[in-house]
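Two complexes are shown next, each including chain A; its partner changes from chain B in the first to chain C in the second.
This part shows the complex of A and B:
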């Protein structure tokens, strides 16, 4: 498995984990505070494991990949880069991302590389709980105009999470027509801001270990 | 010279950092122990990839092997070979005693029916319980509530 393909997924999971953690302490209910914090922790755990596989190939470390690259080198999809949005958009992103991620993981589980396939299977087990949570909220909000607007607004970004060949499957699953995707290459300003925050401690003391 | 049996015995003394009533052996996260002269190789599978106790467990295993006079080599295995089905019968009893409902078997668990699945309250044994939150204080736990004895309790997630 080539490192750039792993890095796309790892970067998505790291950045989304970071964004989900922005709800810690301030979610609309205590249950959701716990849910988004726990989901964030899982996503960052997935990022770490994927970075470790990529790091073996590149000859660096997981932390090196997560925190020592220039912001322009990240391959995350613009969908996950958006800073904390209102609850409707948060749930819309959650639902769209988890649905896309399931499609992506199904492919990864069939990878020839046993390490990649094994890790994808493990991730998929954990992601089932995220999907269950996302679907429950989607059911709950699906008739709300504000939620429908959020889904429509984020839809082109959600398509950009997947490779072009996987996008029609996503459209089918969420019941939307394919539109022009916002691709990974279109990096958002918000990633730059997040990078400043995310790497601040590590940059402040180069080479420190914890 | 240390034997594999001695290593297993020592590892059975290491409590899970977050649910200390069960040991790493009870949890079934030790996949293999191999002894070659003074070197002990341990294959270890995390419960959840984002488990913050991973490093603590690895350090504890290394310290345990060193205390037996051997050199540890702990390999963290990142695949799907661990499931909650690996939690031992003794581990399940200990979980129940500490107020945790043990996980349902992987094969029998249809996650989409999780809300409707039957979970027994570890306090009073009633099956009249409901899901409060899929997510709990650590990645491996959900929160449930017993409507019979009015007691909240934790459910080990099936993985």
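This part shows the complex of A and C:
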């Protein structure tokens, strides 16, 4: 598996984990707070494992990839970069992302590289819980106009999570018509801001061993 | 709504009360219970029960004062001592 492909997924997971963690302490209920924070932590854990694999190939470290790159080098999809939105948008993103991620992981589990396939299988076990959570919320909110608007708004961004060949599959699963996707190349302003915050501590003492 | 969660640690073991979760419905309760009591291989199974469905019984009147219905109605210690003395195996203490 080539490093750039791994980095796309790793960056998605890191940035989404980061964004979801912004809900820690302010989710609509304490139970949801625990559940969503746990999901956020899982995503960052997945990012770490993927960065490790990519780092081995590139000859650097996972931390180096996560925190020492320039914002322009991140390959994350604009969907995961959006700054804290309302709960309807957050759940819409969660549902769309998890559905897309399932399609992506199924392919990864078949990878020739045993390390990649093994990691994908391991990630998928945790993602099952995420999907359960996402589908449950989707069922719960699907008749709410605010939620429907959020899904429509984020749909082109959700398509951009997947490679073009996988997008019709996503459209089928969520029951929406394919539209023009917002591609990874189109970096959002939100990422720069997030990067500033995310790498602040590490940049405060360049070259330090933590 | 409050749901009570019961947890089975091993197959065949008795379910024990683990705690409770607040959730809008049974589906959410299940998800929250899985999150808090089932994601780290600590449970074999869970029971998630609406608190309202539990009939709690806490008042046990002992109207007839029939202590012989209870195990502690017998002074086993004294009887055991007597028996041991008879058999010549009495302990020092």
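Observations on the structure shown:
One rule holds for everything that comes next: the second predicted complex is superposed on the first by the 210 of 210 C-alpha atoms of A that agree within 3 Å, B and C clash if a C-alpha of one lies under 4 Å from a C-alpha of the other, contacts with A are read in each partner's own complex, and residues count from 1 in each chain.
In this section, a residue touches a chain if its C-beta (ideal position, glycine included) is under 8 Å from a C-beta of that chain, and two chains touch if they have at least 3 such contacts.
Note that the coordinates shown come from a computational prediction; the quantities given were computed from them, not determined experimentally.
Bringing the complexes onto one copy of chain A puts chain B in a clash with chain C. If you count the residues of chain A touched by chain B and by chain C, you find the higher number for B. In the superposition on chain A, contact is made by A:41 with chain B only, not with chain C.
In the superposition on chain A, no contact is made by A:14 with either chain B or chain C.
Applying the stated contact rule after C-alpha superposition, one finds that A:52 touches chain B and leaves chain C untouched.
In the superposition on chain A, contact of A:139 is made with chain C only, not with chain B.
Applying the stated contact rule after C-alpha superposition, one finds that A:92 touches neither chain B nor chain C. In the overlay built on the shared chain, the residue A:191 is in contact with neither chain B nor chain C. In the overlay built on the shared chain, the residue A:128 is in contact with chain B alone; chain C does not reach it.
Judged by the touch definition given at the top, the superposed model places A:31 against both chain B and chain C. In the superposition on chain A, A:79 makes contact with neither chain B nor chain C.
In the three-chain superposition model, chain A touches both chain B and chain C at residues 31, 34-35, 38, 129, 132-133. By the touch criterion stated above, chain C contacts chain A in their complex at residues 21-24, 27-28, 31-32, 34-36, 39.
Residue ranges on chain A touching chain B, taken from their complex, read 31, 34-35, 37-39, 41-46, 48-49, 52-53, 115, 118-119, 121-123, 125-126, 128-129, 132-133. For chain B in complex with chain A, the residues that touch the partner chain are 48-52, 78-81, 83, 111-112, 114, 132-139, 143, 157, 159.
By the touch criterion stated above, chain A contacts chain C in their complex at residues 29-32, 34-35, 38, 129, 132-133, 136, 139-140.
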